[in-house]
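What follows is a set of structures to go through.
Common to both upcoming complexes is subunit A, partnered first by subunit B, then by subunit C.
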Partner chain A sequence: MGLFESSEKFEEVLAGFFRRVGETPEVAQKLLASKLVIRFSYTDPDVVIVVDCSGDEIDVRTGDTETKAQVNMSMSADIAHKFWFGKVNLMAALTRKQMVAKGPIPKILKLLPAIKPTYAMYPKYLDENGYGEYNIH
Partner chain B sequence: MGGYAGSILYVDLTSGNIEARPLDLKFAREYIGGLGFGTKIYLDLIKGKPDFDPLSADNPFVLMTGPLTGMKTNAVARWTVGARSPLTGLWGDCNIGGFFGAQLKFAGYDGIVITGAATSPTYLYIEDAKVEIRDAERYWGMDTYTVNDEMISDHKGASKKSGQVFAIGPAGENLVRFASIANNKGHVAGRTGLGAVWGAKKLKAIFVRGTGKLEVGYSNRFDDLRAELKELYDGNISIEGLRAFGTASHMDIGIISGDIPMKNWQQSEWDLFDEIGPIEYEEKILTGNRTCYACGVACKREAEVKEGAFRFDKGPGPEYETIATFGTMCLNSSLESIGKANDICNRYGMDTITCGSTIAFAMECFENGLITEKDTDGLNLTWGNSEAIVAMVEKIGKREGIGSILSGGSAKAAEQIGGNSPDFLTTVKALEAPMHDPRGAHGHGLAYAVSARGACHMASLVFPVEGGGMYLPEIPELADEIIGMSSEGKAKLNVACEDFGIFFSHCAGFCNLGAMILNATQAVDMVRHVTGFDYTLDEVMQSGRRIWYIKRGLSNLFGVRAEHDVLPKRLMTIMDTGPTEGSIPDMDLMLKEFYELRGLNEEGVPEREVLEGLGLSELAALLYDR
Partner chain C sequence: MIPEFFEFYNPTKVVYSPGIASDFKAELNLLGASKYFIVSDIQVTGVFLDVPPNSEVKAVNACAEQVKTSGAEGLIAVGGGSVIDTAKAANILICEGGDLVEDHSGAQTLTKPLNPLVAIPTTAGTGSEVTMAAVIYDEENSVKMAFTDKFLLPDLAVLDPEMTASMPPRLTASTAMDAMTHAVEAYVGLQWSPVSDALASGAIELIFRNIVKATQDGSDMEARGSLLVASAMAGIAFSHSMVGCVHGMAHAAGGICQVPHGIANGILLPHGLEYNFEEITEKLARLAPVMGEEVSGLSPDDRAKKAIESIRRLTRKLNEMGALPLRLRDVGVPEERLPEIAEAAVMDGTSFYNPREVVAEEILVHLKNAY
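Take a look at the complex of A and B:
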């Protein structure tokens, strides 16, 4: 079993974080410029979150399996959690298929500089929202 | 004979003697190709007199292809050159892509051995069986781009094939100790200064044109494997990243893990970093893609700056290492100036890693008052001064003013500048470290320390394996999860990455970038199918191991001992911020384990019985009985 005890809890934590990211202008502007719709499919526990950057503001939808996404990212919940701390070796995770990215690769790679500030945001977000037990120190 | 062209060319520049010797198949199987051929032949040539000046006629030069070089498939265009390095005084080798290696094999040669020295500028002309030493007076003084174009134009004749040129520029002629040799302008044998070896031999270039074809041992099996690999390549994120952004794609990956050195290795974060990232590269200077022979990955970049102080014509663009050395290392956020510095280095024929690192070192000396504007002919060598950086590159190429001191590399410059300047060095065995920080990946630290040619990320597969881009689950030491900021198990990892890596990158001819998505089985299978030899993984790793000891032994013969297997103080300074905060390689632990695994004695020399067990009795005798 992974770090998160239920789908509901993981969905609450991560979707909340994505909404926080969407409300952060320095990051949101760059994500919106990509116009991408990204579906994250997590396992253990199973959760689906769509981050829609195609409009004027970032729309985060949980459980959305219908919208056609240009980018599909699959990984375990634990890998995702570690990733947002900046503690996943991205190359190794992709090479060993712990993370699978499908879609226009150059556009996906262009998101990397945009999300750089979020690594510092994630632990702070966990603490501020009563999820401190998940923090990795 | 599958894969091989079938002969090795021996050229003596002193006597003018030229001889093509048939390739012995037993030798080919045992040493595979590339570095394996080169180190063994080199050792045999110098064993009677291993004490000589790297810039003398006594220093042989070997250029060797692998069995895969020239095959029509992705990421196998590589070949190697080697000699005693004028920069380090030790064994030096470079691994190169491009087109020259394939063309040489089409002409009928697996490699070239050059001995002696000419008394006047010379070039070697090869057109199939026609091989001549010719007068190069007309080409002497030309930069590498000009000599490439002029020589191809001069030899075009009635042939439909234009041929390939491998040439030095003014830096090699001027004996800059980190001079490079370039094929087709942007495919460069950069590290360890082998261009100066050519300069000392008065060898300006080799022109080659071949009309032959290469055989494949088992062509059906080779075709099946290529079809299997095509599926692997299509849509692979690493390959697509290389296609889209070239090696510059590492900028956005490396910044996450703290891999990219900044301000002469004093920082791992910088506000202006994104100004020189791959997106800016695309928007500011990129004009297109370039590739090596038969490779569909096409990771090389073409760039141009149309106007301004950093104007340069369309040509090979800077790679990741160059962006980092002239960019982050110098806190220089002008991508145009990085492109210009790259252009000057390419044209003069200079290694960008050593050149950029040496300028960053000089900037720190300037900051600390060890050199002043009086020494720099008025250049204000402050961090981020892009004009001063570009001007200094040119001064080094010309060996003008302080450029002459810096043309010896940073370690030699520190001896002349004095004070506490050695504290600013980032060298191992006098070779400047490449742009990958061992504080974030401890195995890199051991790899740099024990590398026979000095700090190097290409000598083994430690960088792609520990960095995560390569996964070789068939090799037990490399199958488990690898934690970058840990020193445990990294000696074993290094040994396995050296043994397999020497086979993979340096002998067979695989590219560390374009072929990184292959596993060990696929790599060995390709060499089996091409050569027809029934190699196993164990056998190729045994060959890699034997060649590692020859390289180590050569550097031991040239003076390397245990005290040289260390990281500089600068790389062992703990960072107090950033992704690698608080992390430092445990060099004592890793070196102790490595010495045991490799059977090195306290002086850092391989034990006699270890060498004899690998069939290297002559090397053992040289090291112990001389």
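Take a look at the complex of A and C:
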């Protein structure tokens, strides 16, 4: 069993964080410039979140399995959680199949410098929103 | 110094010998398939020949259909990188089905081993015979799609220098400079490992010793063989350690002004190293003696400069032989398009692995130097 006890809890934590990121101009502007629609499919527990950067603002949709995404990222919830702490080397995770990325990988790689500030935001977000028990920082 | 994490995986069996492409039955027998389909761009009968210079989805689909109809259980790719990549991608469709771009583009998307694939390179540059990647142009969306998966690694690479004997001097020089760029960028890149370093530096040494000989005398099988082996070593190295801004600029120059990839790399390699100089001084310094430079008593900074000068001296020599252009202006790049090339280089996926952040205004300075 992973760190998160239920799909509902993990969805609440991560979708909330993605929305916080979407409201952070320095990161959001760069993500919106990519115009990418990315679907994250998590396992253990199972959650699907679409981050849609194709419009004027970032739209985070939970449970969206219909929208056509250019990039589909699959990983366990625990790996995703560690990633947002900045504790996962993306290339190592892809190499070890801890993450599977379908679509134009270079576009994803280009976003990594843009999301760097979010690694510091995540633990703060967890503490501020009553999710301190998940803080591994 | 050792990186915190690295993985090395290369199960491709490599056999080398002049003439071995005419008889490698013993190796084929070990792969478990009884019927093979040949994918190539050279004229023989009963094979899929319609591989374009840059492989496209349409060609891959057509190739996969023909292979399925034939009942073949394995593929033999005979050609340059485009041919080998076409065979790799066709093998995906044959074994996994589905839509090539929608279902399989990306990293580690395959679910099972593919049919046996044998690669016989006829150029000594791309290293595709030993890499886990394929690049296919998606005509529908006008974009090059990358496929990266351990199951794309060929089972057998047959390195026969006689298969490269018909390459004219210009192609010999530019493909070898492509291999050189793979090796140098893998060595100085962020994803380096001690294993890829050993292969990269070995490849650099072989290329320095043999590129002029093979360009001067295409019948020199020892020189051709050395370049072929170096290309495979560089391929294994960069398949693990990736490449950086030289490739980023070369991809951009290729996409915008159709500069052939090996030529672009040959022109841009010293300029890309100068862009990264502060971040790679120590590693570049270690390459100077590998390139044949006398470095005793020199500071790391001066050794690193010697390495770049060594590459410049080599490309000047190839230029004097009429085998390699030295400037972007000589290969049809208009000066006013350099800013566009700089912007595209920044957006290229390789910039992620570059030791220094790739910034358009700053890379433009070096593109202008290369102009």
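The definition used in the following text is that the second predicted complex is superposed on the first by the 136 of 137 C-alpha atoms of A that agree within 3 Å, B and C clash if a C-alpha of one lies under 4 Å from a C-alpha of the other, contacts with A are read in each partner's own complex, and residues count from 1 in each chain.
Definition applied: a residue touches a chain if its C-beta (ideal position, glycine included) is under 8 Å from a C-beta of that chain, and two chains touch if they have at least 3 such contacts.
None of these values were measured; they are calculated from a predicted model.
Peer 1: Overlay done on subunit A, so just call it for subunit B and subunit C: clash or fit.
Peer 2: Aligned through their shared chain, the two binders clash on subunit A.
Peer 1: Based on the superposed arrangement, let me know which partner A:Gly2 touches: subunit B (first), subunit C (second), both, or neither?
Peer 2: Neither: A:Gly2 stays clear of subunit B and subunit C.
Peer 1: So, does A:Ala101 touch the first partner subunit B, the second partner subunit C, both, or neither?
Peer 2: So A:Ala101 meets both subunit B and subunit C here.
Peer 1: Pick one for A:Ala92: touches subunit B only (first), subunit C only (second), both, or neither.
Peer 2: In the superposition, A:Ala92 touches subunit B and subunit C alike.
Peer 1: So, A:Lys116: does it touch subunit B (first), subunit C (second), both, or neither?
Peer 2: first
Peer 1: Figure out whether A:Gly16 sits in contact with subunit B (first) or subunit C (second), or with both, or with neither.
Peer 2: neither
Peer 1: After superposing on chain A, which of these stretches of subunit B ends up overlapping subunit C: 145-153, 415-423 or 487-495?
Peer 2: Stretch flagged for C-alpha clashes with subunit C: 145-153.
Peer 1: Which residues form the common part of the subunit A surface touched by subunit B and by subunit C?
Peer 2: 89, 91-92, 94-96, 101-102, 105-106, 109-110, 112-113
Peer 1: Residue numbers of subunit C touching subunit A in their complex, please.
Peer 2: Against subunit A, subunit C makes touches at 4-5, 7, 103-109, 143, 145-146, 148, 191, 242, 347-352, 357.
Peer 1: Looking at the complex, which residues from subunit B come into contact with subunit A?
Peer 2: 235, 237-238, 240-241, 244-245, 249, 252-253, 255-257, 274, 277-279, 467-471, 481-482, 484, 517, 579
Peer 1: Which part of subunit A faces subunit B closely enough to touch in the complex?
Peer 2: 86, 89-96, 101-102, 105-106, 108-110, 112-113, 116, 119
Peer 1: Mind pulling up the subunit A residues that touch subunit C in the complex?
Peer 2: Against subunit C, subunit A makes touches at 71-72, 89, 91-92, 94-97, 99-107, 109-110, 112-113.
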